[in-house]
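Working notes, beginning with the structure itself.
To keep things simple, chains are lettered A, B, C and D as they appear, and every chain counts its residues starting from 1.
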């Protein structure tokens, strides 16, 4: 027995040191290769000033570190938002770390946020996977004097300082119903293919869409089903197939998520039903260019996620500098986007969504 | 006062027929289900819908066959989902970097990568004598972590993939989509391998009675090593087809897929205690699972019930399986006293 | 109360553990690893040793710890695992959420959830102990069935708005200063109970007896089937309790709560020196392994190496913790190196070449995009 | 049988297992075309000799010659490749594979690289029919009776063109007609020149089938005689030839009242219609051959495999024993036949083994009182003079004899009123054997009723007050200690039961 354990005492020790050194190596080279450094080094973080009271004092811009946390990494929508955020960071001369979990899952996001709070970052700009599960973590950060701004997908009010809405939920819902109405030329069956069943923004938009459909001039449209693709390409693809099989005379699929809209358009194309079933919703130009050209998804809307990331960084910067506290009525300047005021429900509105179609899609690149 | 009762093979026949033709039971259950669902909603019984079902289960059949061979040797491979995810990502990266690459070469690349991953499992289990559940539980999280480390979190999206690669799974040269043809080809190959090669027969012998197999001169360790390499190969192939069919490679591709690859064979009559299992069983088991999931969507039962139904089905198959086995054993024990 | 279990004492009467025996223990190995990991982490990041950070990180692992306790018993006694623990956690938390959202008082809902956990465990126990099915297959089936029931209960809604008295379970602190989380104390108390029962009571002795030789235990009058039933009921109850703590920590419940946690629970238990072949292992080892995994994950988090990269390290630790002793045994038993025949050497070299090629391709193709 | 050159010859073979000398200087030759019977009591060294011939064990001294050339059989595979095959009492086939594959496992007939199933089925059927078996070779092995499984093993041996076929107690679980079938095959094999080693206790079967017979006693070679010119009495004398030394402790029997009554006990078609009585302070010996069902009777009395018929009365009251706990509550203890599998938990220390059945005595408050456990174990260990470094030493570190004494002290700890022992002294050194015998007679004199199952004639005759003979699951006779002799007992168990 003695010989046994002595044997694996040495070997295990050696392997573990190797592992940690290896991970070290894995962490550092990513910095040069990748454009946005998802795993930035923490050594060079100078001793960030521990802000005692919630309102941060004036700080030298150079040493502010903001963490931009998307729902999950790899999603082109969030990558574009990060580009905007880095643009704002350059203008403000601060550092924005783009850190995300690999799956759109609340537990992983909480563990990530806990380690960012532990690293005493100066501000958190979060797109939440779960509005309620993140409330305790948000409160924890705020108790540590770290301002919490949510963008794209909110944490419940008690868990955040301020939320940046890409557009009013009602506005986003209305533009998608309008597009569906146009594509179905007034009447027919429509269905919704959402992201995860727990995503707060999705459920809010769907709620508004159902209300808008009651309005007189949309009586012709009949919402037959809502399915969930979990922001996974294959699941969304299968759900789209399911919709087309279950409802043979379905006319329009609305997918208010970049992953869902691309998968649905591809499903329509693969089934050879372009023109019979039309796809609309929220998508990015690069991703949808092929389907706009093929006619599977003639129109779709979105706001520029880059602007959303840009605005989120400016907002959190002003919070960190103490210019604003997130109370309704606060005003601040957001660089190229002009200035914004915090509305009375504690949110900031980016602006109305833009509709992309065949003729304007080529002058966008994100 | 004769002790050893006269027990000829015939009177035990009924039991062995039941075991050999268990696949008939599954076929009967599937047909019954199809009839019921078609009555509920005529949309179900269309060639188009069955094409979708077959498309959906093609990858499940390929990996289910790999899992069957592992289960026959009394093992289990929980790392299949992660192997599919890793190979899908690596091949997607390569295909995007070399758009001109012939898709079949991408398939070969995937198979080679899968073989390497499978051989690591094989080495740990066959040479390192680590129990399969622990070894593949470990490689499940290692390979999944490597997917993230490899792509640094990035996804490969459909618009980045060359058309040729996307057509690999979708092209329909012979009316039937390639994906279904690949699955059929793998099924035939595995059938021939298990029935007509020495290693194939040795797999059954090792699973049925490992000690006797050693005495009979079979190199048990080598057979077990090969089985995990084959599992890697089929997962590599599945990874490429997965990336081609869904035109994407994400860090969570095929996450949690391993459960279905065990459910299919178990439902299809593969004996969880090892030693027996047929290709037809895996195909029918997977088809039954695919039909049920498809039926649940069409009959508009909420998608949230699908997982519960799958769980119930595996439980049922296992209870029936062991009941038959136990009744057979007591029957022979009685016979030989 | 360091009642280490495996009495390899040589002293005639005394139960004092001689130094030699302490030295060879698996637990010592874990202590060494913990110190190494702590040293590396301190050097890597100044935030590691801050008490407020450690306490926050600790809260993320308490549910894992609670579920690890019954899993230790199951592996020691039955040399198998319960794959359905995370699904029972999800089902019971969703059931509590469902009741609460329909106006049932929170503490009645909690009691109902714990009862459901016991029932789920009892079903597993009945199929394993009386129908004599292998635990691996039963819990694989109930893994899908119980998780399916969680989705069937809550669908796409979330239960939220739990009262402060309940969320204290997961978020509360003892005393002021957000240092000692309540869930840590709850876990340590449960661990103490499980440890005392395992190492000092009749039931604990039965677990080791069955784990080492179930037949001999049965011949000595040990009620084997009753013990098996109790083990799975215990596992169901503790999984439900862990589900409530997690729901309290989140302040809400969704059907996918705790998805995939069973793999981490099994890893933590086996890493604690509890051999998968049954019969050996101590509660202290399990607790130390939980601490080690917590420190590794928290440390790597600080180095911005997220979830799945951490999984690589944990997966490696799991395989190595089982692989090395088995290689050690092989080398010591028959001097394997001497009679390796040619074909085996060939196979090993082929295998090594394949691995090298794979790593080379991995690194090369990774830099293409 | 008249060739000069023996196929296999063993000379001066000795083998010891941890202090127990299983074989001493044994000589054994097998000629082609001959049925050579190997005879001897249990523990006479027969199975050890077979294990050496089939390469499972290697001899300490002595030489094995194959066709006159010395050979070293390192493992079963090597033995098989030198055409030596064996069939055991419990056939070891592949339940999930059919008969044909069981015969050709690992070496299926091929056409090029492809397994040729038709060829395999043809070959298999030819072999099977040549053995007079009308079985479809596609049947799965799991659904065959033991006799049929044995036939398949013989067929496999033939397909390996084995020249030596060893049959170890093949007929113990066969019906009369199955035995006859087996013998026709054996005669057929003999004609074709195969050398057959036939091991059995049934003297009649030996007279029926064997040409020559070699007898072993206590690991020593006694003699080899032609079956034609030897009588049954000679064989029995050769088997039991030792004078009955008075190594067994005399104890004055003052049997108390009847403690246990068993009426028409039956178990799962393995044994039935067993009835006997047992008085306090009495030692009831149960003698019989392997597979006669004695162990199953003991397991029924102790509740491991509850009886399926008949009644058990303890102290006059009818009881139902469904589990070991029931038995222990009624004061029954059971020292099982297989020490390592069922008697002890080897990885646990002696003290914990001893206290396992009576843990409730050591619970003080909530947890176990380690000191009380230590002292109880220590007293028992001292009383039975177990040679150990300490009560916390692991059971696996003890010798066979000491391990058996630990099992005995385990059951003494429960101070039983009825103690059942199954082959208590098998495979332990002579010293421990007599200590165990001393203990048993002392326990009896203290009023404990003892049932001792043994297949060693001297032990049965020396220790028992009354002897019960079990044959093929039924009562084969009851003898008081005074009237019982080795010959009577051997006769009772070796005559083929009435047709």
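Criterion: contacts are C-beta pairs under 8 Å (C-beta built on N, C-alpha and C of every residue); 3 or more make two chains touch, one makes a residue touch a chain.
Everything quoted here is computed from the prediction, not taken from an experiment.
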Pair joined by more contacting C-beta pairs (C-D or A-C): A-C
Between chain C and chain D, centroid-to-centroid distance (C-alpha), Å: 44
Euclidean distance of C-alpha centroids - chain A vs chain D, Å: 74
Cα-centroid distance, chain A relative to chain C, in whole angstrom: 33
Distance from chain B to chain A - Cα centre to Cα centre, in angstrom: 36
Overlap residues in chain B, where contacts from two or more other chains coincide: 148-149, 151, 154, 251
Chain A, residues touching no fewer than two other chains: 26, 33, 38-39, 100, 102-103, 228
Chain D residues counted as touching two or more neighbouring chains: none
All pairs of touching chains, each written as two labels joined by a dash: A-B, A-C, B-C, B-D, C-D
Touching residues on chain A, where the partner in the complex is chain B: 26, 30, 33-34, 38-39, 72-76, 100, 102-103, 225, 227-228, 232-234, 237-238, 241-242, 245-246, 248, 262-263, 266, 270, 286-287, 289-290
Interface residues, chain B side, partner chain A - complex: 41, 43, 48-49, 52, 56, 148-149, 151-155, 157-159, 170, 242, 245-248, 250-253, 255, 294, 297-298, 300, 303
Residues of chain B that touch chain D when the two form their complex: 1-9, 12-13, 15-16, 19-20, 195-198, 200-202, 204-205, 207-209, 211-213, 215-218, 271, 275-276, 328-329, 331-332, 334-337
Complex contact set, residues of chain C against chain A: 8, 20, 23-26, 29, 32-33, 36-37, 40, 44-47, 50, 52-53, 56-57, 60, 155-156, 158, 160, 167, 170-171, 178, 249-252, 254, 256-259, 297-298, 300-309, 313, 316-317, 320-321, 324-325, 327-329, 331-332, 367
Complex contacts: residues of chain D adjacent to chain C: 302, 304, 323-325, 327-328, 334, 336, 341-349, 351-352, 356-357, 359-360, 363, 366-368, 370, 374, 378, 389-394, 410
